[in-house]
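The chains carry the letters A, B, C and D, assigned in the order they are written, with residues numbered from 1 in each.
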Amino acid sequence: MYYIRDPIHGFIEINEWEKTIINQPEFQRLRRIKQLSLSDMVYPATNHTRFEHSLGVMHVATQMFDNIVKNEMDFLKNKLNYTESGLERERILIRLAGLLHDIGHPPFSHAAEELMPLKPDSVKDHYEHEDYSTAIIKNKFRRYIDESKFNDLKITADEVCDLLTKGPTSSERAFWRHLISGQLDADRADYLLRDSYHAGVNYGRYDLKRILRTLTVINEPETDNFSIGINKSGWHAAEGLIIARYQMFTQVYFHHTRRAYDNHISEAIKTLLESETKRSTFLPPTEKNLDEYLDWDDWKVGGLIKEGKAGLHGEIILNRQHYRRVYETKEVPSVGDLKEFEAISGEFKDRIGFIDTAEKSWYKVGDEDILISEEKSDSKYAPLSQYSSIVRNLVPNKQIRIYVPYENREKIKEQIEKYREEI
Amino acid sequence: MYYIRDPIHGFIEINEWEKTIINQPEFQRLRRIKQLSLSDMVYPATNHTRFEHSLGVMHVATQMFDNIVKNEMDFLKNKLNYTESGLERERILIRLAGLLHDIGHPPFSHAAEELMPLKPDSVKDHYEHEDYSTAIIKNKFRRYIDESKFNDLKITADEVCDLLTKGPTSSERAFWRHLISGQLDADRADYLLRDSYHAGVNYGRYDLKRILRTLTVINEPETDNFSIGINKSGWHAAEGLIIARYQMFTQVYFHHTRRAYDNHISEAIKTLLESETKRSTFLPPTEKNLDEYLDWDDWKVGGLIKEGKAGLHGEIILNRQHYRRVYETKEVPSVGDLKEFEAISGEFKDRIGFIDTAEKSWYKVGDEDILISEEKSDSKYAPLSQYSSIVRNLVPNKQIRIYVPYENREKIKEQIEKYREEI
Amino acid sequence: MYYIRDPIHGFIEINEWEKTIINQPEFQRLRRIKQLSLSDMVYPATNHTRFEHSLGVMHVATQMFDNIVKNEMDFLKNKLNYTESGLERERILIRLAGLLHDIGHPPFSHAAEELMPLKPDSVKDHYEHEDYSTAIIKNKFRRYIDESKFNDLKITADEVCDLLTKGPTSSERAFWRHLISGQLDADRADYLLRDSYHAGVNYGRYDLKRILRTLTVINEPETDNFSIGINKSGWHAAEGLIIARYQMFTQVYFHHTRRAYDNHISEAIKTLLESETKRSTFLPPTEKNLDEYLDWDDWKVGGLIKEGKAGLHGEIILNRQHYRRVYETKEVPSVGDLKEFEAISGEFKDRIGFIDTAEKSWYKVGDEDILISEEKSDSKYAPLSQYSSIVRNLVPNKQIRIYVPYENREKIKEQIEKYREEI
Amino acid sequence: MYYIRDPIHGFIEINEWEKTIINQPEFQRLRRIKQLSLSDMVYPATNHTRFEHSLGVMHVATQMFDNIVKNEMDFLKNKLNYTESGLERERILIRLAGLLHDIGHPPFSHAAEELMPLKPDSVKDHYEHEDYSTAIIKNKFRRYIDESKFNDLKITADEVCDLLTKGPTSSERAFWRHLISGQLDADRADYLLRDSYHAGVNYGRYDLKRILRTLTVINEPETDNFSIGINKSGWHAAEGLIIARYQMFTQVYFHHTRRAYDNHISEAIKTLLESETKRSTFLPPTEKNLDEYLDWDDWKVGGLIKEGKAGLHGEIILNRQHYRRVYETKEVPSVGDLKEFEAISGEFKDRIGFIDTAEKSWYKVGDEDILISEEKSDSKYAPLSQYSSIVRNLVPNKQIRIYVPYENREKIKEQIEKYREEI
């Protein structure tokens, strides 16, 4: 056993097998991808990386798994016919999926996702980082998974990938996916606490220990699907998680300056892609493209920006001369607000640096809901929004913001003010 | 007033003038210099930068100054003839000195200090980052200090630099320097808390609030010098600071893997200097050299490493294949221990990757001591080591370690064991 | 200056004058009144007292005051004609009001408030602890306020009391009251953080530093009243405070076991009042009654319970054999839910221990709202609920619970289940 | 399983059996015994109780046990012939011993230990709280241990007591005692963190997680005894524990005002014993005396003080008019210092309130040392003091202080000053 010090979870335990995986260059690359892109331009201490987050997700996913097993042993054994070694197998899979779930992230995390190519035969669906993750796991990590000398239970890279994808499945055991990707997953559980810690803010915290203790498996009788949920006694803790996410979104993730840099870094990488590869997007996630894709990390991008190859947006980043927000709608714009925005964005089209909309952000308030069960492992359940008036009334943020170059900010702000009075 | 969120101090307040200085490219560069070099290879969350530390030092230095003024107003006014505006002037100077004290750091902080050139006419004295700091302040920031429109009190860049240098001075007011550089300075006060927080360890904390409350000015009657000290009632807090430093040193700063990467990154930068500039050191800190010097930051180094230009040590860094410690002396080696080391290092000369000694480290247990005063502003005082048996008995760490390349670690370790038995 | 260590605020500073007040027996008595009554029966570490809370309120109220002065100096000087010494005077008053606001609390804090007598000529209005606070300040502390040798500015006990009462006032300066009692007061600001800390929970935290920075004075043009509000840039921090309170309410203050002990201790004190004074209530807050009233503290009550004088409820408290909740409505009961409760409470009348309703609790979600100002000190403002969909949709908790004696809990629970199926 | 919220450890898990024990009146009494006596007179937030500490010790002892089992499974099975159920049995025993180790504390914790009677046939050995603990376990808890329906492994109360006593034992398994009482025990591990948290200080923290990970069993070859120790890689964490204790001692436990109240409360309880029982000590820990002994708790003492039955010292406590320190030696007095003290204490005999010596305190720096093992479960080991110069040079605090009544403090202080100059 090895132990890695982590400010969020104390020590993260890894075994010999996992250490082999972590030591691969493709995994070490995550040390060079900042978790929150350039948010350090606003919150200077947010320099944490996908590396520490990935360890954290593995750790929390394991805690979730262990608690479900503890809480629902009878159910798992009797209803789902799990044996001890069957559970041990799921545990290994979930740990690997947690560890590798972000392995396909482009430089500067989400900011560069806009530069992913279209999917074949599609005019609007782009690849996402999950597609790169699964491609990398299957092509680069298969030998360290399927062929590992530690692999007594014949785990496969494909199974790990199954836990990361959203496609259909006939498996009764597909509900474990929710631990990696869902309203109550280890990814979110980790990043909220971690981002909050590094930003140094008082929100983003929630009662992880109580959530762990009240995790359960829910049987939806109509569909006979299984799902991860929370026992009724923990519904306030689940509500707390949603609130934590809401607060981090409004005050950190969607901070107007942070969003400016999401745009600048995305533009800068686009320029660099063009200068280095003569393309304006990354290559699709096929085996032969992976080495080129993986070569892109924050160090490469940072080095090229320093060389002056990223043009205007590179300069802006080096000197923190970001575009300034000169106009924004309310968080939930009315029809009238949207009309006003349309008018302004039309009128000032030539002077606008870029327009940012919360909806475009990777970070959305989902339609999904957390299931709350009345009784252990029972089919009596209801969505959290039925319990919580806060969750029920949370409105997705649809704020739109207009940014202009630094040097024009005052002039254009004034012009917009004037224009608003006229219309 | 502007407020920057900081996980250590809550919010750091800056004024319009300071904002102008922070916005200069030379200062923004500090965002691209990691405070603890590659210590994230051991403590993955230690990705913090000189930028946030510099803000923190300004903040703590101000708190120290304000508390001394509060505690010693009579003394400052009557003995040192300070007026209100005289104190205001010192306060501005101390803030600027705190803010700019690290402006001359090379990439990856202390690791690259070994690559600084010799001073003129010297065969062993190298420039240090402080020399670059003062050169940069005088050449790059003079116009934002001396000529600033906010500079009502005719502050000069030279005065700021005076607070950063250790040379002789006839000024009665020279004791303020101790707030920036000394056993009890704002630099140390900030980095211990900050490094501890980001590493996620339980030590490195101490009672800053009590230190602030017991800060005082001490008049050394023999020399008639003034000095910053602590009132007797706070001596345990001062002892706590020394203990915090000791614990951070032994467990974080001098961690054997961390020290390996200090060596690797230093070697890598040396290779890069050679390939990019045909020199194996940085240029001396003269006006015409500063732009080249300042161009070196972590992004440039990282980018060049990614391009493969840093040779073996670059590869080691990218893939975390550092040299391994195969032998080390005790923390305080005896004469016999040192003899054994000499024998081994002679015998294995050709197989050794590098030798690291705690003494060579930037981080030393100093000879200096903290002064404890019996009475306020009085000349009755004694060094902390007279109060504290812990401080009195702290022994400088002189551990020596031998590292070898990853692939040979087991073989050589065995050979050394065998050799030790023979001698 | 004296400094008292506080886990929430670090050090709390008090001056010589305040120390005199704190040293009075009436103030030392607050050391013997637990802040959260018997909530340690659920959260074992919540043994904190009104003493530390009172210091905390003084401290936070001062921070709020100082920040408003910093943020709104022009407004205070020009619109409200404040001089330096006028502001200094308000500051002293606010500190004293914060310090003394809870001086009239009965034993075990809110639990015993039900035992306060009716006001003269009223059949339903009881005295509240604030009435005792003002009586005690006027009768016991006048000599340490009005006649204090430190009282250069002729502060009066009556003025301190003015800040604690809700009655009408013609004073333009009445808005300072909001710092002691209001949606955004120092009382709440302190107890949320303090109760959360001692309970060891992750909620109850909010961004006090940001609230401090965005505090402002709002001029309501219709009424020409002044009010304390928050600048628009801090509305999410204000929302965070409301959320913190909501979470503490649902999970700590209104915890079903905690509420059981509120009932038990209230009954126990009632029994003790009867046995010791032949009355079932405290005496009204008149001068001659105050000594008797002040004699009641947790030590006296605890001692009498130990002597066996508090009857059944005393025994229950000593041995933690509280009544158990056997039925409860939803947090927001529908008409049907209320009908069901009525039927059950009628049917089981003779078997019920007691009924608890959230509405009866001292802790209510108020009708008031926090004012958010568009511009500094301006008359353009809107309530927080217009900004925040969470605040807008918060529904007052009206849950009703039925408790029965420990030994009958299972039998009656079953009977109620059965009865519910029948009706 | 039940879960109790704890600010130090998150949640403390208890099972049905342990819950039965916790629910006994003798255990509930611990809620009414403050952990740090009247230290809230200095650190107002230190109102925590033996109840929460006892849960904490059980929790930490379990963590220690589990880690030793994890680290040393081979050793335990092969050298000590443990079976799975044998280990399970030790675990239950250690949990119960941790839970009940303080069950015999008198009111206000250590302060009243001076009032324990002499042991039979001894003129200087007093009973200690451990003697009461074992008597209470054997007489009051036997039926909830030996006869419990949950007791599948035939645990006995006597075995639990064995873990709490220091007497000789022939058992190879006696080393488990060190988890409850020793240099590295769960008692200390918990109280340092808990007292530090409630006091709100920055020291008293140490690296519990690393200690847990490096716990080991050491075989002392000369004696063939077993002992609990720390692997070499954790020696800095063990040193950190000793430092934490040192700092808590000097700044919290031995704070001069805190020690004054230890004396006052001890005197007050003595007065109460005399008035209530006509004896000046508690009764010896025999079966028939236990009910009377257990009747004494903080509530009883507090109630009697409030009734005025505790005389002068009771009044002093109610109004915080404690005796003041007018003289003290250095922490490590020289022979000359001791002579001076003797002279002063002779001269001022009639005017002295009381004399306090650090040596008399329950809290001593022990002779014992922590064992550090070179290899896992090996017989190569050395004491921590050989590794750590700090531990090696820690000097026991032998400070002596003279206190006088509040009203005479200035006069006597002056007289002592004068007298010192004369001698």
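Basically, a contact is a pair of C-beta atoms (placed from the backbone, for glycine too) under 8 Å apart; a residue touches a chain by one contact, two chains touch by 3 or more.
What you are looking at is a predicted structure, and each value in this text was computed from that prediction instead of being measured.
**Q** If we define chain centres by averaging CA atoms, which chain lands farthest from subunit A? Would you check?
**A** The most distant chain relative to subunit A turns out to be D.
**Q** Superimpose the Cα atoms of subunit A on the matching ones in subunit B and note the rotation angle, 0 to 180, in steps of 5 degrees.
**A** In degrees, rounded to 5: 180.
**Q** Between B-D and B-C, which chain pair is linked by the larger number of C-beta contacts?
**A** Between B-D and B-C, the larger count of C-beta pairs in contact belongs to B-D.
**Q** Can you compute the centre-to-centre distance for subunit C and subunit D, using the mean CA position of each chain? Integer Å is fine.
**A** That gives a centre separation of 36 Å.
**Q** Counting only Cα atoms for the centres, state how far subunit B is from subunit D in Å.
**A** Distance between chain centres: 41 Å.
**Q** Centroid of subunit B to centroid of subunit C, CA atoms only: how many Å?
**A** 48
**Q** Can you list the subunit D residues in contact with two or more other chains?
**A** Counting only residues that touch two or more other chains, subunit D contributes 10, 201.
**Q** Mind listing the subunit D positions that touch subunit A in their complex?
**A** Touch residues, subunit D against subunit A: 3, 10-11, 209-210, 213.
**Q** Tell me, which parts of subunit B touch subunit A in their complex?
**A** 4-8, 10, 23, 25, 28, 31-32, 34, 40-45, 47-49, 51-52, 55, 197-201, 295, 297-300, 302-307, 318-320
**Q** Under the stated contact criterion, what part of subunit B meets subunit D in this complex?
**A** Touch list, subunit B to subunit D: 201-203, 205-208, 236, 240, 243, 246-247, 250-251, 332, 389-390, 392-395.
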